[in-house]
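Order of writing sets the chain letters: A, B, C, D and E. Residues in each chain are counted from 1.
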Amino acid sequence: MDLGTLIGLIATVVIVLAAINTSILYFIDIPSVLVVVGGTLGVTLIKYRLNELIKSFTLAIQAAFFEKTESPQELIELATSLTKIVQKEGVIALEGQEIKNNYFAKGINLVMDGHSPEFTEKVLRNEMTKAIEESDTGVNMLSGMADSAPAMGMIGTLIGLVIMLQNMSDPDAIGPGMAIALITTLYGAVIAQVFCIPLAEKLKLRTKETKDMLELIIQSVLSIQQGQSAIIMNQLLETYVKKPIEEKKS
Amino acid sequence: MDLGTLIGLIATVVIVLAAINTSILYFIDIPSVLVVVGGTLGVTLIKYRLNELIKSFTLAIQAAFFEKTESPQELIELATSLTKIVQKEGVIALEGQEIKNNYFAKGINLVMDGHSPEFTEKVLRNEMTKAIEESDTGVNMLSGMADSAPAMGMIGTLIGLVIMLQNMSDPDAIGPGMAIALITTLYGAVIAQVFCIPLAEKLKLRTKETKDMLELIIQSVLSIQQGQSAIIMNQLLETYVKKPIEEKKS
Amino acid sequence: MDLGTLIGLIATVVIVLAAINTSILYFIDIPSVLVVVGGTLGVTLIKYRLNELIKSFTLAIQAAFFEKTESPQELIELATSLTKIVQKEGVIALEGQEIKNNYFAKGINLVMDGHSPEFTEKVLRNEMTKAIEESDTGVNMLSGMADSAPAMGMIGTLIGLVIMLQNMSDPDAIGPGMAIALITTLYGAVIAQVFCIPLAEKLKLRTKETKDMLELIIQSVLSIQQGQSAIIMNQLLETYVKKPIEEKKS
Amino acid sequence: MDLGTLIGLIATVVIVLAAINTSILYFIDIPSVLVVVGGTLGVTLIKYRLNELIKSFTLAIQAAFFEKTESPQELIELATSLTKIVQKEGVIALEGQEIKNNYFAKGINLVMDGHSPEFTEKVLRNEMTKAIEESDTGVNMLSGMADSAPAMGMIGTLIGLVIMLQNMSDPDAIGPGMAIALITTLYGAVIAQVFCIPLAEKLKLRTKETKDMLELIIQSVLSIQQGQSAIIMNQLLETYVKKPIEEKKS
Amino acid sequence: MDLGTLIGLIATVVIVLAAINTSILYFIDIPSVLVVVGGTLGVTLIKYRLNELIKSFTLAIQAAFFEKTESPQELIELATSLTKIVQKEGVIALEGQEIKNNYFAKGINLVMDGHSPEFTEKVLRNEMTKAIEESDTGVNMLSGMADSAPAMGMIGTLIGLVIMLQNMSDPDAIGPGMAIALITTLYGAVIAQVFCIPLAEKLKLRTKETKDMLELIIQSVLSIQQGQSAIIMNQLLETYVKKPIEEKKS
């Protein structure tokens, strides 16, 4: 569970609501919600297939609210123990080993099947590319919505302004008319800035972490296949894990 | 038939119309249509040749409303069966095989003609580059129109404002004058956000899918030419096809 | 002669003029022309040398209004006939051949001089780089003007607004004062959107075509030098020429 | 201590305050501070984990206010003396040497452990990549805040405008109401332009310097491992250090 | 002396002044100058060290107003004469030769010292990288100022608007108050568009020319070292020099 996302989201919404302070009713207008939310979703539906849209949303929500629990340290320990087994008993001894990570398990299966290192790497890299591409689609979709929402907001404001300007006989109606016209712009800005952009950013960071993890697994699998010494492999894999360089000073 | 595009398009237009709510006549102004639509088309005609313009539109419409029916799975099955034929009876046995996909057929013809793998790959890659370039032109054209339409809208609004400001003797005419001036900006935003940008995005995604498909075919043709084992080839080709990594967990 | 550019340009200008509809005199203001046109040219003169500026303009005008008449098909036929000559009578027989395209002629001269393929390719690629760089300068210059013109327009509008705001004693002068202030913004937008951006785009496309053509010539020269079979060479060169993949279906 | 940052920061703030000139109270509004500062931090908390946020801030502050004291010249001298030792007494003689820079020490340890040059380089490059990635996260975070702050400012202004427009019965309240609405836009612009963007830029430059330094160390370690002549090594390393080419003319 | 820069600069300033036309005093406001110029410099001082700032300014001014006098033709002639000397009398005969260009001289020294071609190229490329990096810093600094100046202008305008809106009791003061508020925006736009952006562009072009020149020198030095034939070398070097392809047609 990634509390940061939740705290950040609630904090931002509360702050905006606190800023409104006076009657919240000034800021609720159903047609405006329809134009901005409906318009943004409609436009996104033109761009992507419905199942891609649902898939990307699921990915973004997962990335935003749930931490991956797998730690690189555990992976390195597992890889080190596997390479010791291979050096003692050969590749066949990998058979009984339980590997929770599917991607790692797939790599070890390829090794056991006796494929060449080139083939193993190509298969794993292709799998990685596909996993990354899916997340990238999610990032692009959210970025696209972050562009569409303010644009739909502006369209709503323009519609409101035209209606208001055509009916200027009653001067008292000008203020509220313009207020309602501006609300769609406000909606568009909030949807883009508080929801779409931060979620896109978080999904991008998680994708980067996933890529680093898969890269670590590829290196592990290839090292095991090459029967590399456990110590050297451990030393090399450690350099893939992010630890601040400063800590090593002490 | 890609219903998503149609649904998204209709939904967005209906939402915008619903938002207008009052008299739709406020929002129809023929000179404004001329400035924004005519101006955008005129500018696009300066940038591109007329036949390129028509071709790109056709491509974009096709990409937007019609699904490619060919599935990668069928292609992989076909490639697997062809490689089995080659291993049993040699390259000549490919002669009678019916291959619906023109690009695949061209590749197989090159193999049958006895060209070197390097030559086969170069020819196929050149063909791919050309197919991709054409789609890219379409994407660029639509993106260019998404930039031109709001700009022409702003030009129309500026013209309207100057005329209005020069004739301020009648205060009652100011409101409607400004309303009409703003309509071109509204037109420009709608054309860009509801039509050009989503269609450009869809064409971009379809181009990516076409590229992945052609890449799969190139890999298939080269594997067949090298007489690769059907099982290994099948395993490799499968990694090119997008399937979520999660599904493999179960 | 590329009629598209001319038609597009005239159409856009006529549409904008038609939109003005009322007295065109409202839209003509000599000081505003000076600020936007003069300012944009002045700024461009700081960026580039005068001779570069003239050269780029010439290139852009040529690219916009005149079609290159050379067709890739003719080039391929010429290359095929040359390679047949080389295979029959050797490289020396190329002497008497008339080659209209200067770049191709230069390549054939290098072959006849007995230079190595590496040297030939390096010389031709350097020539290509220089030709492309010149066009790129033109594209950058036009893009820079497309940025400068609206900026100078905004500067003019700000100047007009400051003057108007300092003289608000006569309310009747406010409207026309602001109208004149806005005219520079209108000029800037029209110059950028109707002239600079489309011409930059057209020059970019023509540059791409020139590059494809030079690439085709380099491939031809290298194939001739290597004494490649005329049939294979023809087949390879054809793949460089843009023809829609659909056409081959029938 | 990097005085430039401090002087620049104080100077800019003093200048802005001097520009305000009249009552500073006009410009202090607690809800506006909450919306812009709180909103920006809230949004950043959605994007990044809390510990990443703190780490990046620490890095940015360090980069902004504290100069790295290590000079490349000292590093080159150290590398030259080490290579002399290696050539006289072999790699083992490096044991007693004191190396203050942790990254350099790590490299020398790898050399003493007898690893292959490829392994040494891979380990050092991975460490470098991690150090750079951390700084890049800091730069991205600050750039993201430079985008969020003005956006939150605009959201605050829209909220203020809507409230003001809904309460136009008292004309005297319009001016101050709009003034307060504009304050959030002002806050957002100041936070982005005076704090976030300059700090992001400084962190980017420091990252570049760190990268150059680590590259120099990698070259030094590899030269020592290869037992390169001290003179040649010195000559090569010098070319990595930035010294203006003009100085050499005299 | 590059007259273009001077003419362009003077022309643009004169045009803007002519556009002002009425009392220039409306446009002079010392606090506004302080906010925009002082603020932009302050922000730049946070980003860069003071000595980098001065160095980049010097580079930009040099690039803008002084032409490099060295012509590529002279360099090619010199290289050709040097290669003839080497072929007749060996590398040692280069000793007495006077080479004005420091970079070329450094390269020839490396050749005379008997270094390997790889070492010579690496040293020269590193020197080139450093020279280019310095110019790039200048370009980035000017581009950064072109972003900061309008932003500081907007901050000044917002400050002016807030003060004006808080003091609306005197309607006659509204016009001039808003005029002064707008002046900072005008200053920011002029500084960015008339000074920073064009100078950044010119420095970028000069950097490109310097890079081409250094590339030519590297090619020359390597050709001399390899004892390449003077004719071939001359023919190759010529292809690095920009001459329009059209000229060769006649």
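By our rule, contacts are C-beta pairs under 8 Å (C-beta built on N, C-alpha and C of every residue); 3 or more make two chains touch, one makes a residue touch a chain.
Just so we're clear, the structure is a prediction, and the values are computed from it rather than from any experiment.
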_I need the common contact partners of chain B and chain E, sorted by label._
C
*Same or different contact residues where chain D meets its copy chain A, judged by the half mark*: different
_Whole-Å gap separating chain D and chain E, where each centre is the average of the chain's CA atoms_ = 25
_Taking the mean of the C-alpha atoms as each chain's centre, how many Å separate chain C from chain D?_
41
_Junction residues of chain A, two or more chains touched_ = none
_So with touch defined the way it is at the top, what topology do the chains form here? Options are line, ring, star, complete, other._
ring
*Please report the chains around the ring in sequence, anchored at chain D, with chain E in second place.*
D, E, C, B, A
*Could you please specify the touching residues of chain E with respect to chain C in the complex?*
2, 4-5, 7-9, 11-12, 15-16, 18-22, 26-27, 64, 172, 174-176, 178-179, 182-183, 185-186, 189-190, 192-194, 197-199, 201-202, 205, 232, 235-236, 239-240, 242-245, 248-249
_Contact set on chain E toward chain D in their complex_ = 31-32, 34-35, 38-39, 41-50, 55, 102-103, 106, 115, 119, 122-123, 126-127, 130-131, 133-134, 144, 147-148, 151-152, 154-156, 158-159, 161-163, 165-168
